[in-house]
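Starting off with a structure, shown below.
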Amino acid sequence: MEFSLGQIAAILGGKVEGDENLKVYRLDKIQEGAPGGISFLANEKYSSFLYETKSTAVIINESFELTKAHQTNLIRVKDAYASFTQLLEAYDQLRKSEISGVEDPSYADPSSAIGDNCYRGAFSYIGKNCKIGTQVKIHPHAYIGNNVTIGDQTIIEAGAKIASDCVIGKNCHVHHGAVVGSDGFGFAPLPDGSYKAIPQIGNVVLEDNVSIGANTTVDCATMGSTVIKEGAKIDNQVQIAHNVVIGKNTVIASQAGVSGSTKLGENCVVAGKAGIIGHLDLADRTTIGANTGVTKSVKKPGTTIFGYMGMEMKDFLKSYSLFKKLGSMESRLKELEKKP
Amino acid sequence: MEFSLGQIAAILGGKVEGDENLKVYRLDKIQEGAPGGISFLANEKYSSFLYETKSTAVIINESFELTKAHQTNLIRVKDAYASFTQLLEAYDQLRKSEISGVEDPSYADPSSAIGDNCYRGAFSYIGKNCKIGTQVKIHPHAYIGNNVTIGDQTIIEAGAKIASDCVIGKNCHVHHGAVVGSDGFGFAPLPDGSYKAIPQIGNVVLEDNVSIGANTTVDCATMGSTVIKEGAKIDNQVQIAHNVVIGKNTVIASQAGVSGSTKLGENCVVAGKAGIIGHLDLADRTTIGANTGVTKSVKKPGTTIFGYMGMEMKDFLKSYSLFKKLGSMESRLKELEKKP
Amino acid sequence: MEFSLGQIAAILGGKVEGDENLKVYRLDKIQEGAPGGISFLANEKYSSFLYETKSTAVIINESFELTKAHQTNLIRVKDAYASFTQLLEAYDQLRKSEISGVEDPSYADPSSAIGDNCYRGAFSYIGKNCKIGTQVKIHPHAYIGNNVTIGDQTIIEAGAKIASDCVIGKNCHVHHGAVVGSDGFGFAPLPDGSYKAIPQIGNVVLEDNVSIGANTTVDCATMGSTVIKEGAKIDNQVQIAHNVVIGKNTVIASQAGVSGSTKLGENCVVAGKAGIIGHLDLADRTTIGANTGVTKSVKKPGTTIFGYMGMEMKDFLKSYSLFKKLGSMESRLKELEKKP
């Protein structure tokens, strides 16, 4: 992007104090501002940065009273935070909409139908019998297997892989290197101690507005579907095993893992590195703490689970505070044992 | 696939009750059946689904007695479970054998020898002096470095990477985005506090029938080989460090990690998120619980290790059950201290 | 490589005992030596292998006295260990410098400037307005977005992804499948229980001499930069969240994770699978044990933190040793309670 301060003031309904012809092409934090960038000041706590920033311009509340000299240009608006958010989203939208068309070489089997205004980066691959919606962005090195459906406006980032038969909704965002539809980990033991792979012939369904993080893996179902429901947001390097169901608007942070056939309810929150064993049911609005191991189903909605082998949070924290004091408990035991 | 019910009955040695000209092209779970799919019913527990399913057909035991009306077609066989498994494997085999030939553009250095009936997807890469066996499937975006050997019928999924000098056996399956042969993490500290990379010039050897999960990483040895022995099965997002040896038929679940130079015996089972520190030896048939940290070698075959800093399982579970009761132990201590 | 023993002796200033015309093309461990390889013997503990090795040649100290017959050829040098290290680095250098030029097809937008003597593998992608230094190696399937800067002699391995706007220093090494610059995980909750993505418009800065492991993910900042400072070494499958700062020469082992906005000082060491929550500050030279969860800032340089919810190491180990004895503490409590 490249806008003059005058143009930005016009968009925001604000007023420039300084040179309205200066141009900016970047959004900065005020404390890290540099020439060519525009920042904002909404929180009084950061006021001192206004007088030091090297940003070309700062968006500021109409009501803000200057107390010192400054070297930047101001854009005065009613609500600096709201204005900056407006600018941020416009900028993000602009960046995303910039890309379109087909870069060469890319690969798409002629049996696949691809909607209008899609982007297909160089080295992107689309297999047979796929249905790709409109305005879908398939970045370089993205892999789409056979019989895949992708809804409108979904973004498949560079090097993400969607295996055959998967169904991806609208407005989904699958980040770099993520794998959707890898084989579930299922092996039958044979009498000689070796294992035989159990065919994994199901798929993965991502409903609308789902986000899958970078290098996350979502296994296909043995049969049927592994399902990530509408609006669920999954961070980087998360593992979702076969036949799992993740509820609507549930959020899972980085490096967490969910084992086979477990079902999470709606609006759950799973913190980083948590692990959930297989074949459990977790009620709506369950919260799982960081690094927690969940070994039992959770029936009561709104429960918070915590700890190495997950317990209710308050119980765990009490036990852990005493774990820290085990040395003194041991000494107290010894004292008591000395008594006649 | 697309088969008529008559054709399937012929394959299974069964008998159609219904329209033998109807076609199915998918295997379904009976409780999730939809038109165009075929399901099975073996477990009496699921009998009620027979009368509701929307599957086009259901495979059912000869002996099964109907108690209500149904809207599906039946294929009667001696053993519904065995017949369905037979169909499942035939289906899986069919899907895999469907692909062959070379998609364009793909890259293979002319110095590499590639066996008959291989599949090379678009954008697959094969470096110099490789030896690729027969019926090997190298999917789109797969990367094979220089001097790599790959045995017959091995599958390298989309975006998997086999670094230079690695040796891959027969019938191996390297899943999407896996990295085999990345540099070991070895750095020598220098006097100024910085680190210098120690050259990692070894390789990785996968013996026959090894499975490597999606986005798993297996580092090459500093010198010599990191070895995954015959029949070992490794899940997604597992980290295997340099110079590790994984024994025959050992199974490692998702997000586990094995540090440098550790050796696991045969038929071990490592559950999800377990971590094993470096330079240990684990006896045959060692079982490591989920989330367990293993800090010592295990000498006795068949041992089960569990817990944050791994202990024998029964000891850990006893201590953990008391950890949960630390609050009451503390109260009891207080009571005793009150006594005169 | 392929060198005669005579050539190697000349490089090392040593003397051949055996056939100086024999050729070697591999470096081996002495205990795993095979024809065509050269090994070394520096540690007396390994002397017995000298008489059994199948290596074509062994580098050995001038002063070493043979006590039995052997079947290999010797190269006598002043310091066998130093000589072998010299050979190892020469070998590594040779392997890396062998590659150069542009393989076809590769993609680079004409607006990008690419320095001299770069390698660009087949299917590598370089977006718009990038500045690539000299002797940079961009391996097959590597993805470089728009407006990316990469310093001289940096190596981007196969399938690594550098998102738009990132800045990569000199002599960096980004390993296979790593993602630098994926979106930070930031979502604003809406009144209906769904989430809206907060635009992540910042970037990642890797300073000089940084190493990023295979399939590691480093998220871009929400605004500003996620920074990995000079000389930091990061292993495989590590997660670095948005706006994190990793200090100079800090080392992070596999499967560790650092949450948003946390800052690590210089020369810290983070062991495998450790997790650090967001918005913390860790002093210089902090050491974090394997599997540790860090929940508080560390103010004192040189502190070692350990345990499920990180404590100072000695405190944790004391408590954990008593945790193992909770069964006996419980019994002792019972005994005391029996007293009148």
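Letters A, B and C mark the chains in the order given here, with residues in each chain numbered from 1 onward.
Keep in mind that, in the parts below, a residue touches a chain if its C-beta (ideal position, glycine included) is under 8 Å from a C-beta of that chain, and two chains touch if they have at least 3 such contacts.
Owing to the predicted nature of the structure, the values given are computational and were not obtained by experimental measurement.
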item	value
Subunit A onto subunit B, rotation angle from CA fit, given as a multiple of 5 degrees	120
Interface numbering overlap (same over half, different under half) for subunit A and subunit C	different
Inter-chain centre distance, subunit A versus subunit C - centres from mean C-alpha coordinates, in Å	26
Of all residues in subunit B, the ones touching two or more other chains	105, 123, 141, 159, 177, 215, 237, 255, 273, 308, 323, 329, 333, 336
Subunit B-touching residues of subunit A, taken from the complex the two chains share	105, 107, 123, 125, 141, 143, 145, 159, 161, 163-164, 177, 179, 182-183, 185, 187, 193-195, 197, 199, 201, 215, 217, 219, 223-225, 237, 239, 241, 255, 257, 259, 273, 275, 277, 293, 308-309, 311, 315, 318-319, 322-323, 329, 332-333, 336
Residue ranges of subunit C touching subunit B (in the complex, touch as defined)	27-29, 32, 88-89, 91-92, 95, 103, 105, 121-123, 139-141, 157-159, 173, 175-177, 209, 211, 213-215, 231, 233, 235-237, 248-249, 251, 253-255, 266-267, 272-273, 290-291, 307-308, 320, 323-327, 329-330, 333, 336-337
